[in-house]
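Next come two complexes built around chain A: one with chain B, the other with chain C.
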Partner chain A sequence: MRQTTSRHLLKNPLWLIAPAALMVGIFFLYPLCFSLYSAITLDDGSVTLSHLNKAFALYSNDIFFTIIIVLISVAILAVLSITIAALITLSPFRSLTKTLAFLYRLPLFIPFIVTAQMMRTFLAKNGLMNNAFVASGLLTPMDTVSFLGWSGIIITFVWKQLAFSTLLISGAMAALDDSQIRAARNLGASRLRILFQIILPQIIPTLGVAMVLSIVTMMSVLSVPLMIGTGSPTMMTADMAFRINSYGDYHVANALGLVSYCICAGLAWFYLRQNLKEKGAN
Partner chain B sequence: MAHLHIKNLQAGYGKKMILDNINLTVEQGEMIALLGPSGCGKTTLLNALCGFVPVSNGEIFAGNRAVSQLPAEKRNITMVFQSYALWPHMTVAQNIGYGLKVQKAKQAEIESRVSELLSIVKLEGLENEKVTALSGGQRQRVALARALAIRPDVLVLDEPLSNLDAKVRLSVRHEIKALQKQLGFTSLIVTHDQEEALVMADRIAVLNQGKIEQIGTPEEIYHHPSMPFVADFMGAENHIEWPTNDDAFSLNLSNHATPLDIYFRSENAVLSTQQPASKDDFHTGLVINGHVEQSVFFGNNYQISVRCGKHTIQADHDQNLPENTPVTLRVPTDALHAFTKNVEHAEHQKNHAVTV
Partner chain C sequence: MIYPQHKALLDKFNIRSLRFSFWLQCVFILLLALALFGPIMNLLIWTVTESWYFPHALPSQWGFKYWQQVFNPYSDVSGSLFTSLLIAVLTVVVCMIVSIPAGYALSKRSMPLRIFWMLLFLIPQAFPNLTVYMNIARLFYEFGLNGTLPGVIIVHSVHGLMFSIWISVAAFSSTDPMLERASRNLGAGPFYTFFHIVLPQAAPGLIASCIFVFLESLDEFTGTFFVGSPNISTLPLLLYTASMEGNYQIASITALILLVPSILFMVIIHKFMKPEMLSKLGK
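Moving on to the complex of A and B:
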């Protein structure tokens, strides 16, 4: 009995992936296609570009703002996570690196909405950070500046994503054979030189993955621009929520979704092309 | 190249001391093999020399420079690693020339040094290959060229042959030795393979539990081990505790009245199926009567396990023997390594000086 079942399964190997395929189809592909369809059709089903036109006319500033915020965040993210991972890998002070290796992981376990709330109380004009400066006599209450707005969004994104991208990058650095670093050291290379000439060239693919995944995450967060942004300009996710909550306008919200999908897809395409080029060169 | 002098060196990981008061001098142009079982501290010693493990006590001199407190990048001691440790994103020439590039040498100088080294390690024409395209033997030669490129004071090799397959290992072993003679570099090589140490080294230092047990030429170490551990490690695998209180054994050594640890190699045990020898066989140091327990084919001969009371003795023989054949083993006096028992620094009996 058992033999016949397994033979049957072998004849139809597609059965094995059916449950997973069904889940992806129902819960991901169908909503995605429906959303894309809704972005480019009127209620009667005829194809139109009017939703996209409207989205660009009303929100092109916000689209631009979103791209700039995400790019600045990802640039800072790359620098910081490489620095932290390099300190963990190359620093001779073992106890310091152990503490650092523990601390950088903490934001992994804090959701975006909690992070946003935390940053709100921390970065506001009368928030924790400014209060601390005033209490220590570094600033007077008149001099304090609110970081809520674009800089707050960037700080929150970087703070939250730092754990994830450092985890990936320090993992890739740790996977390098330690003797490669030792070989460079006893040929006279300083730690900084080893980072740029030996380690970084070998972990570029991982860096790419960490950055692309972080961009996609940042593009999809709603709570941070809503809670830390100051209204105008704001990020696309906030606009989508606004279209739906205030007007019930799913068409324009989906059109904005299509734009954000295209931005992510463009980045993914760029990343994959670079990756394939490198593999081809090897 | 300069000589290397290690004085009272102590080093370890954290609070755990691995190396215990190491004293060693490698003369200019000499190759010393560090030989010992796993975990005896031989790789730790190399790491301490290179600056990868902090030195807690003692001093290391490369030439006249005291280097034990310098960081690894300032010591001018380079290492050839067991795993090659080549950088896969660089070509062969970039790997070899890296040390010179770090020293800010001129491009033309780097190129000429790289091509000189490529011809020394017989890899001409491969300068633009990716190192991932090379075989194991070629990779290890690139690693050797890379380590030699900056003209280090001392070259250390950490089991450089153990990742290579048997045939390639023999040829690379020969090449490293030939290069060492040709270029005259001062070097330390770590190995756990006694044959490798005998063939490659000018002198051998046998390490055990963080201490140098004996240092000497390959012949000295092989023929005159100074203590039971060295004798055992150098292949004298037969061990008898004398007296055995067994009639099957008879010993013709001057001091056979004192308790002894006796070691000898299987190839020195002459096996015969003749009638048992009398105890008055004056030409032989040790005579053993026993029965064949097992016979294993080794290609050029058979290794016979002979059961003699509670001991099992290994002996080489040119013929296969059936089980339970009564045999006699005779070991010449000068092949016996006898150590007085229970003495801290057992005195090795000069076998040829023993009166019979």
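Moving on to the complex of A and C:
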């Protein structure tokens, strides 16, 4: 019945989708394909690997550095967001979990560029963080170091992405069947054991999605490496912007882009394979 | 068989471990709060700083000198604020025009290739988009769209499309199909039914998607950096330039202006958006 009515209302639903699909096609898929094409061809259209070679020769350090930064950030993110979400789900102290639930969402809508500016001042040699350490007597003014650089990039990414990944993971934990946890409690399982043996195995898919989305975000944010990552080595995104703004060299920039797609695809593939393996084991 | 004194001992142990874990959790929350509020505090301090040099723990001179500079009607900031708001509003309009019909069509389960279309609109969020932006900039250069408002609005709209379409699909899915059918059976035309029966039911979700698109557009940096500069200066670009020039006061005040809508909308959305709801998105 319902099917006939909806068909009646929408004689040809494709027309309704066409404008949106065209927009994505022209302004996203076409440039995406063009970037792949540009990365592996010369100006006259013949296939070449010279741009990729050049990208590796000039920026292999930065490529390696990018992968390390992304992996460390994702590892810290996973641990922290699972800890927070688990505390919210399992902690017996209601007032504490309410505070925590409010706290972790704070950076959710703070833009990356604002986060970068905050961290640029906070983590600097004369930033509030070092000043607080000095004031509390942990450091002397001469011992302070600036965290602007690779560690600053990691801190900024984790600070900003924590809200998003915790929101996804605590959502998945809240959607779990409550009776399982209660049954395990009644049988005498400790909270830690419930987390590792009952909750975690069920939320692994959500964790994977949150981490893959975070990786893609980290690989496409330009403002953080530009504002926090001073000096070399730096992240690939900064190199691409530099290549274009200083040399107008689209080929090498696109070759770097191709490498960044491959890194994302590789990590996503790793996640999918783990997922399939687990399904196969069951 | 547990003897009474054993039981008392066990309880004592339990209470002690419970108290320990309470304090442990308190310390964790305190550290998290420090880590979250520290950078925000630093930003706030910089907005009311007039001079702050290395060995001083706090600014040596406080004042609102830079606020006057920023809110002076001839400053760059007021111009950029206006440009940013104009772009954000127009982006919301473009996204809504495109995604209301698409969201309505995709909310019907009978839609052919529904999953394919949903995934198509997910793609702009699933690839690192920096490379795409630089190639769009190159493309726009040929058509004279680089450094113009329409160019920037197009880039922002494509970026926001994923939010607007996915959220409006969810909004239209939650409408009652029986009301729609009743309206049709009583002789109302399809357009009358859509605008008077379906759209009002989906309105709250659509407003939420407007908020998301508005915020995304207001905070967008990378796309504007490639497509808009140097002619179009939005608040994020201004913040970046000021910060790179070492003008931290102007950068911090601009950042604070960008924070206002973000926090405002977070308070509004906080009421609607529960983690449980998020796990149902896209189903």
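To be clear about the criterion, the second predicted complex is superposed on the first by the 255 of 282 C-alpha atoms of A that agree within 3 Å, B and C clash if a C-alpha of one lies under 4 Å from a C-alpha of the other, contacts with A are read in each partner's own complex, and residues count from 1 in each chain.
What we mean here is this: contacts are C-beta pairs under 8 Å (C-beta built on N, C-alpha and C of every residue); 3 or more make two chains touch, one makes a residue touch a chain.
What you see is a predicted model; the values in this text were computed from it and never measured.
Per the definitions stated earlier, placing chain B and chain C onto a shared chain A by superposition produces no clash, and the two fit side by side. In the superposition on chain A, A:A241 contacts chain C only, with no contact to chain B. With both structures placed on the common chain, the touch criterion links A:W159 to chain C but leaves chain B unconnected. With chain A used for the fit, chain A forms the apex of an angle whose arms reach the C-alpha centres of chain B and chain C; rounded to a multiple of 10, it measures 80°. Of the two partner chains, neither chain B nor chain C is touched by A:K277. Residue contacts after overlaying the shared chain place A:S220 against chain C, while chain B stays out of touching range. Put simply, more of the residues of chain A are touched by C, taking chain B and chain C as the two choices. By the document's definition of touching, of the two partners only chain C reaches A:L96; chain B does not. Within the superposed three-chain model, A:A184 lies in touch with chain B and out of touch with chain C [touch as defined at top].
Contact with chain B, but none with chain C, is seen for A:R193 once the two complexes are overlaid on the shared chain.
Between chain B and chain C, the minimal CA-CA distance in the chain A superposition rounds to 6 Å.
Interface residues of chain A facing chain C in the complex, by the touch rule stated above, are 2-3, 5-10, 13-17, 19-21, 23-24, 27-32, 34-35, 38, 83-84, 87, 91-93, 96, 99-100, 103-122, 125-129, 131-132, 134-135, 141, 159, 167-168, 170-172, 174-175, 206, 213, 216, 219-223, 226-227, 237, 240-241, 244, 250, 253-254, 256-258, 260-261, 264. Chain B contributes residues 50-52, 71-79, 81-83, 85-89, 98-99, 102-103, 130, 132, 143, 146-147, 149-150 to its touches with chain A in the complex.
Chain C makes touch with chain A in their complex at residues 18, 22, 25-26, 28-29, 32-33, 35-36, 38-43, 45-46, 52-58, 97-99, 101-102, 104-106, 108, 110-112, 117, 120-121, 123-136, 138-139, 154-155, 157-158, 161, 165, 177, 180-181, 184, 190, 193-194, 215, 218-219, 221-222, 225-226, 236, 239-240, 243-244, 248, 251-252, 255, 258-259, 262-263, 265-266, 269-270, 274-279. Only residues 177, 179-180, 182-190, 193, 197-198, 201-202, 282 of chain A touch chain B when the two sit together in their complex.
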